[in-house]
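For reference, chains read A, B, C and D in written order, and residue numbers begin at 1 within each chain.
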């Protein structure tokens, strides 16, 4: 697996050198959160009730925003062609790219998200379950973002299509993620189902995304 | 290797099948309408509004059945590399999307008199809504990619992935629904459906299915014609 | 159907050295190949056979399908008819996985330095010889410069350096001489000659003639 | 069916929308089919004229 780690390490250095990745996503996230009280009014009780859901939706949209860039650069500069000729199956390349995107964008977001909960009066004892659920859910979000990116890699205005294609897949993750965030105790059914979703996507998404990339390489 | 299956055989088949299909479809609709509007009894609770069921339920069934057949066609196309299967899925998508839309509209028209709200986050209606998004996503893929062969490869993946997503969404929305509301009051015509209610439902479902098959054959004929048109135009350009 | 589709099925990831086989006759064979791009036929009925140590030169006007043929051989394309087989290579690897495909796009990441770019490809392709790669195109001096600052010619040299980084049986070069100065051209020719004498195969699409005698020449795009 | 029962307008609306939707779908598909057939016919005639 040294070969896969080379790809993840390269993407990490690229993200840190170019910056932008986590920064813009967190910026977008905070903007969405700030808009909520402006739109719904400063009623603390209302905000507290919708806080976990709102944080999850903002996280989901922020990851979606950065989805398009996962394969774009590699497709345009020919790296994808060269990687397809590597000994590493394309499925593992997709997994590595998705993990790199998770480490550079979704994970920082998931770590930071509950901290911005105070803006919308998040109940403090909800912070820990929210954190745990978001850490887990963000993997699923990144993997699906990678699938959306693979499907629209060569399209000019792919961004819109990615959202339309991927949001239906985000529905289960949102439902179980928010349920797990409102947990009385940490580990309970919705968190387990969320884990199941993550594990299932670990297997299914790379296969589908690799097939999509192959369609563009052909 | 994508040898273009000769469509002549399919076109001849469509030519012979279409007239009888249209005939039976009209009969089925006539019988179905008569039975659902006249012979079926009003519901003891809902009164006449239960008749909306005869257009709502078949549309919902068809929306799911058409998406399932699109996924099946995509799997067939992936395994047997048969381009007609891709075209069948592409042709079926708009028809399925229309059924889905009709299921949602009639569902909300049924919900308004029953619960006083145009849209109720009932588990089934929500799943059908997500299904509509899957249809739109699938159709958008064909629009977004010019090269037909490449579009077919991508559309297959979207159809199959979407198909895997449908039960997951259904499960999560049911679970979510039980979390926020009690089991929805929206029972489909009580525990055992009265025979006089069941027959119109089945006849209407049959009519919808026949209409789908007929429209699918015509739409596939158009897809073949469109591909032929594209090749004629390309051949035209190459000549100059 | 392509003899071996461009999917790496090999579970065990073989190490670089097992790829270049000395001795037994390796043969790349294509018969009645036809290719379509976006509904337009690019070429039909292409046949050739290439054995160890031989160079096939592709000639023909732009858009004649030279790049498409190279991509087909690398497994990055799908022929509508005909087959490509590599006899004698490593059985459980596809043709593409035993080939280097140097395309117009150089697969170079601007923020990374020259050394980091090469290091990544070395690691990703299963162990690379950095020193040889840097030396092959005299990139030693540029090793620590970010690729963004390189000129077109230097970028081309970095891209071609991958040929020396990881030994592969079959070289597919798409107009490699573009942007190279005389010195680099000479280095490329020496590298290619070494590859061929070591039993490697090469298919090169080029306008500028290399001062290497091609064993076979295939002209595309005339059968209009 | 009792035509002046409560909410009868919803039932009529539901049926009307359903058949409007299906009719629109049919018309759309059949028109597109005929349009394509005509386009192919003209192109075929043109090609025959050019090659003939």
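Operating definition for what follows: a residue touches a chain if its C-beta (ideal position, glycine included) is under 8 Å from a C-beta of that chain, and two chains touch if they have at least 3 such contacts.
Computed from a prediction, not measured in an experiment: that's the story for all the values here.
In terms of the distance between Cα centroids, chain D is separated most widely from C. Chain nearest the geometric middle of the protein is A, using mean C-alpha positions. Just to note, of B-D and A-B, the chains joined by more C-beta pairs in contact are B-D.
Rounded to whole angstrom units, the spacing between the C-alpha centres of chain B and chain D is 16.
Rounded to a whole number, the gap between the C-alpha centres of chain A and chain D is 42 angstrom.
One finds 31 Å separating the Cα centroids of chain A and chain B. Work out the mean CA point of chain C and of chain D, and you get 53 Å between them. Across the assembly, chain C contributes 78 as residues in contact with two or more other chains. Chain contacts: chain B has no residue touching two or more partner chains. Listed for chain A are residues 214, 218, each touching two or more other chains. Chain pairs that touch one another, listed by label: A-B, A-C, B-C, B-D. Of all residues in chain A, only 2-3, 6-7, 10, 13-14, 17-18, 73, 76-79, 81-90, 214, 217-218 touch chain C in the complex they form. For chain C in complex with chain A, the residues that touch the partner chain are 6-10, 13-14, 74-78, 93, 96-97, 99-101, 103-109, 111-112, 116, 120-121, 123-126, 162. On the chain C side of its complex with chain B, the touching residues are 1, 38-40, 78-81. Residues 1-3, 146-149, 230-231, 234, 238 of chain B are the ones that touch chain C when the two sit in their complex. Within the complex formed with chain A, the chain B residues making contact are 130, 133-134, 136-137, 140-141, 144-145, 150, 153-154, 157-158, 160-162, 164-165, 168-169, 171-173, 175-176, 179.
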